[in-house]
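Read from first to last, the chains carry the letters A, B, C and D; within each, the first residue is number 1.
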Amino acid sequence: MRLQPDEDALEFAAAVRDLLSQTCDAQALRAAWDSVGQGASGRDDGRVPGLWKRLADMGVAGLVVPEELGGAGLDLTGALPVFVEAGRAALPEPVVGTSVGAALLTQAGGAVAHEWLPRVAAGEAVLALADGHDALVVGGQWADLFLLGDNDGVRAVARDDVDVDSAPSIDPGLGLARVRVHAGAGAPVDNADGRRAFDWACVAVAGELVGLARAMLDRAVGYAKVREQFGKPIGSFQAVKHQLADVFVATSFAAPVVNRAAWSVAHDLPTRSRDASHAKYAAGRAAAQAARTALQVHAGIGYTYENDLHMWLKRTWSLASQWGTTDWHKDRIARELLGG
Amino acid sequence: MRLQPDEDALEFAAAVRDLLSQTCDAQALRAAWDSVGQGASGRDDGRVPGLWKRLADMGVAGLVVPEELGGAGLDLTGALPVFVEAGRAALPEPVVGTSVGAALLTQAGGAVAHEWLPRVAAGEAVLALADGHDALVVGGQWADLFLLGDNDGVRAVARDDVDVDSAPSIDPGLGLARVRVHAGAGAPVDNADGRRAFDWACVAVAGELVGLARAMLDRAVGYAKVREQFGKPIGSFQAVKHQLADVFVATSFAAPVVNRAAWSVAHDLPTRSRDASHAKYAAGRAAAQAARTALQVHAGIGYTYENDLHMWLKRTWSLASQWGTTDWHKDRIARELLGG
Amino acid sequence: MDLTVDAAREQWRAEVREWLAANVPAEPLPSLDTADGFAAHRDWERRMYDAGFAVVTWPERFGGRAVDLLDWLAFEEEYWAAGAPVRVSQNGIFLLAPAMFEVATEAQLERFMVPMARADEVWAQGWSEPGAGSDLAALRSRADRVDGGWRLNGQKTWSTRGTFADWMFGLFRSDPRSLEAGSSRHRGLTYFLLPLDADGVTVRPIRQLDGEPGFAEVFFDDVFVPDDQVLGEVGKGWSVAMSTTTSERGLTLRSPGRFMASAERLLDLVRRTPQASGRAVDDAVDAWLDADAYRLYVLDTALRAMAGEQIGAESSANKLFWSDLDVRIHDAALRLLGPAGLLTETADARWLDGYLFSLAGPIYAGTNEIQRNVLAERVLGLPRA
Amino acid sequence: MDLTVDAAREQWRAEVREWLAANVPAEPLPSLDTADGFAAHRDWERRMYDAGFAVVTWPERFGGRAVDLLDWLAFEEEYWAAGAPVRVSQNGIFLLAPAMFEVATEAQLERFMVPMARADEVWAQGWSEPGAGSDLAALRSRADRVDGGWRLNGQKTWSTRGTFADWMFGLFRSDPRSLEAGSSRHRGLTYFLLPLDADGVTVRPIRQLDGEPGFAEVFFDDVFVPDDQVLGEVGKGWSVAMSTTTSERGLTLRSPGRFMASAERLLDLVRRTPQASGRAVDDAVDAWLDADAYRLYVLDTALRAMAGEQIGAESSANKLFWSDLDVRIHDAALRLLGPAGLLTETADARWLDGYLFSLAGPIYAGTNEIQRNVLAERVLGLPRA
């Protein structure tokens, strides 16, 4: 009985972290952001060239694709540490969207799954979830197949059958797009549980937010150790110490909530949705606090575009807002706890 | 055009403050609290013996009673500084209940007013407002006349026509009682505006809360200057400094809101109720923050009954809860601002 | 990550639940901080002991059941959910006992553990002194070597349970030179166990916020303590005490079950308060979620401890979280209750009692300011001022 | 306490409102932090000047209307309620001008005030240096005496408007010995006015969070400044600057009208967001109330200042309050907008812009940590560390 991820999962995530520290450092991330609007098609705007292929080679693209279809065959508890690393790097790649799409298709099985999952695992196809026929979609700019959930179930809609307009946002590395699905387009994905997929995505994003919070805390602590004012490092001032300690506490207490939610979703427990919302809420709150504090500790330099911090801030604000805002998730929990 | 009270009002309040610093210091207050349950009738439980008479001689009992009926004839803007002083001293006397009752009767005029107001000004009769036929009443233990507001207007009910049961609470100096009015008892007070009286009371209590907040801030600052840990005064630690600075800010920004509300109520402006609620909300919030901080700065010693601080804490918690809680007042404002 | 629950643990939980359902007093006991209440709580501890539930993590030879941390957490959840009394023996069984099991002699274990578990001997703590609250290393009460033992002089304060307890554990300065400039003040302290009825001991109750004597000042005037009442090595009291305060801040001081039970009661209060302010309801839901988060965090810590990891300064995070949480739970409740929540003789008055108690949380066992310093310096590695 | 409004003030307010209604651009101007936007804002200032509304508190001979603080507050309320552009000349008219009116020579006033008011000369500030942010007294950029003036060397940073501005005001160390141990570092600083196109000046734009060059680094390489561009006495620059920063933190930097207008827009946003979370709505109401409280506090301060009271370190309270308020207003708005609030090319994107701008509030003009120190030490009298 453990709340921590398995050793194997942690080892895999460590390997991902290594790769990202080499291929997606702040400089690469900055270049990816600056690429927006520079390419011809815009299809890969904001991404790190060649990185998805390398991630696919490691097994990240097919993280949750069954082994018999070429994937790593992990469930959400095993995949979670990878999402934490994606957050830590503010990774501008469709790792969550593709994974949750793959999880949905794996759960449903059938023709669509068998057609697409091998391509997903090979890094040749990217997926995205769409919440309605006219929606803002994270990774929508990049996706080859859209899994559209509505009251009638889930439909798989190829990119040719949707209109995709990039939606310029504060976070150019999110592939955010407004996606309009043509009437009657796509094929139904029988047996697909769209609600569970939504919860799955919430937990994955919560994992990213935990990684983001840790990364911002590390940055702020590192800066507080070297930046001097009044003749000493600002990290020796109690006001700075206490703000950072509070971020450490918030982040430390969010992580087990996210881990638990991964378990609940993976095992489809009765508390699945509540646990998933709790994860998104706790991680979103902690990451927002980490962002505020990191900026305040960096002060002027943190407010510049030249400093790298801002990319983590913007990713945090974006993810805290996407997949149900922090407020929305708490309201969902409150309705369940209290009725009404 | 001023938001500060007039010079005259401030001078009068300063005289009240002087009197209270001599007659209602912490020792007298402690003795008053300890008197509860010791007397025969319980009528004056929790009060400072003889103090009401001295306050009446100064003009506090008849603060808002018209001059022709023996009072000082102040409106709420003039009376407010006295309530601030009452708060600062955590005064266990019916100064707000009597004043708001007098304000109500003065506004209504008529037989009840002419019968009772001279006695009020002389310190011979104490008033209390009751919100319903079976209500917890601040100062109910001490009152000679109850002004009962309900949907049918306001009735004046003498003590003989009500059942008064002391309601032991965290604040023995509040005269809190459960008051049950006998069916059909009392006489109607024609033309009385019970709603305005309620707003009036809220502002007066907000004034008390400002005084309480300032008193607790002063105590905490004073203690932080002398208490040493790690070889220096705890007030030299940034964590302590910043908590106290935040209390100063909260208190400083509450005071003008309360002053403005006094003006709005005194002149029965259209924004009267909203301004009164804003006053109660802002002052209640600031005082609650002052209480938490004062306790944390005092640490262990503040948690003792022997230290005087607890009497201010308990008065703060009581007044923040009475006359509409802080939450209730904000909700009332929200309904007005947003409808619904 | 395997969160499945096995049958043996479920059976243990059921056994605990069943016994509590049959034995927890229907009416709350009188306050622990009154003589009557103290006696009633002592009786309750004996009943627990006789049923084998007083010290479930201890070895069986001292009346324990030798259960692991997970079963202990389950026990605590059931205990508080059942509305069982607060533990009068808490100082002994949760704060002293871990240090005893680490460094006590066999003779000391034989002498002290069972009376502690049965609450025949209730323990008070003797840490703080008037000049040493947050700055514990500044302790001045001294122990002077005499034939066969030590003579204690000085004063302790904030001694929880001090008014009615039988024994005290505490630190005294056995090497006065350790206070001199240039010395490490942590050195030269020795950990003593002593009866509060010894000659030369004077106990002065301190009334706390609610007016009850929850703690005491204790004065020592040439109090003789024999050598066999020294716990651990002479001069090494600080490290013995740290093992205690680590457990105090860590797992054993505030088990999640307590906060989960309060948070559930808080939701009940929301449900029966239809006119509640949305803000208060929202704060109640926040508090419930954070109680759940606290449960998960402690569970995670327990699992890591069972896997052999050392739990260190992160326990300060624990203390910051639960002490803040406890205040928020009770603050939300009082706001839901409105003016009635401040009455002292009603069925809901336990919320008020709980609120007052919660306000001590950010102060005792190391103020939250100190805990933040600890986290910043020892975990995050920020420089000392 | 007389809060009645007299007819003359009402007439002034009506005049302002009427002019704004007729003249405020229907479409928002492009961002101040772009070359086009800067020019457009400069044009707007000239239009204001021509109508007599650019510098309403100034003497008439410099284009002002000599109105008092209350009329200024009314002007500001109307200005922001009308959705008028941000003030490109703000550094000059609100930060430099108060110091000028206090210590400038008549010749300097003649030379600088009207071009400042017309935005013919837009001013940038030169306070911070890479090693001196919160610790302003640690400034190292130096001024060396030469024939007829001074030579400046060093570097400034966080120079707001520095990218497109014409002139800069700032502090330079004219007495290098004042940095030596034992000296007061505040001494030996002199306040200079200099054109940013002078020989030896290099301006490097700094992109801020939103990617636009809202401020700049400015490098000085043997820049000659004649004596008549020294403001106040040589070596007394610190006290001249303090008169500026007092007004910066005090009344003139952030007038209440700005926050009232934002808060009103926030309530509008609530009204058109029926699915809003109760928490976000509650936070919006809180923010509105605090904007109202800020208005009353500043009004009170203005009334006291007009009555002759000296406004001192309490202005730190002001800065703490508005900077926190501004973040909360925009945070609530973004939460109400949800994911759409993070889009950059929508009608609601001004909330996002405003949020990013608000985050700088707790940092510039003295971080909020420094402001809390100031309050604690200078107002509450707590000891320095």
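In this section, a residue touches a chain if its C-beta (ideal position, glycine included) is under 8 Å from a C-beta of that chain, and two chains touch if they have at least 3 such contacts.
Given the structure is predicted, the values throughout are model-derived calculations rather than measurements.
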Between A-C and A-B, more C-beta pairs in contact link A-C
Relative to chain B, the most remote chain by C-alpha centroid is chain A
Distance in whole angstrom between the CA centres of chain A and chain D is 39
Note: chain B sits from chain A at a C-alpha centroid distance in Å of 53
Each of the following residues of chain C touches two or more other chains, namely 278-279, 282, 369, 372, 385
Check: chain B positions touching at least 2 other chains come out as 237-240, 242, 330
The answer for chain A against chain C in the complex is residues 1-6, 9, 77, 217, 221, 224-225, 232-233, 235-238, 240-242, 244-246, 248-249, 252-257, 259-260, 262-263, 278, 281-282, 330, 333-334, 337-338
As the complex stands, chain D meets chain C at residues 278-279, 282, 385
The residues of chain A that touch chain B in their complex are 237-239, 242
Residue set of chain B touching chain C in the complex reads 136, 167-171, 176, 228-230, 237, 239-240, 292, 295-296, 299-300, 303-306, 310, 313, 317-318, 321-322, 325-328, 330-331
Given the complex, residues on chain C that touch chain B span 128, 131, 133-135, 138, 157-158, 206-211, 277-280, 334-335, 338-345, 352, 359-360, 362-364, 367-369, 372
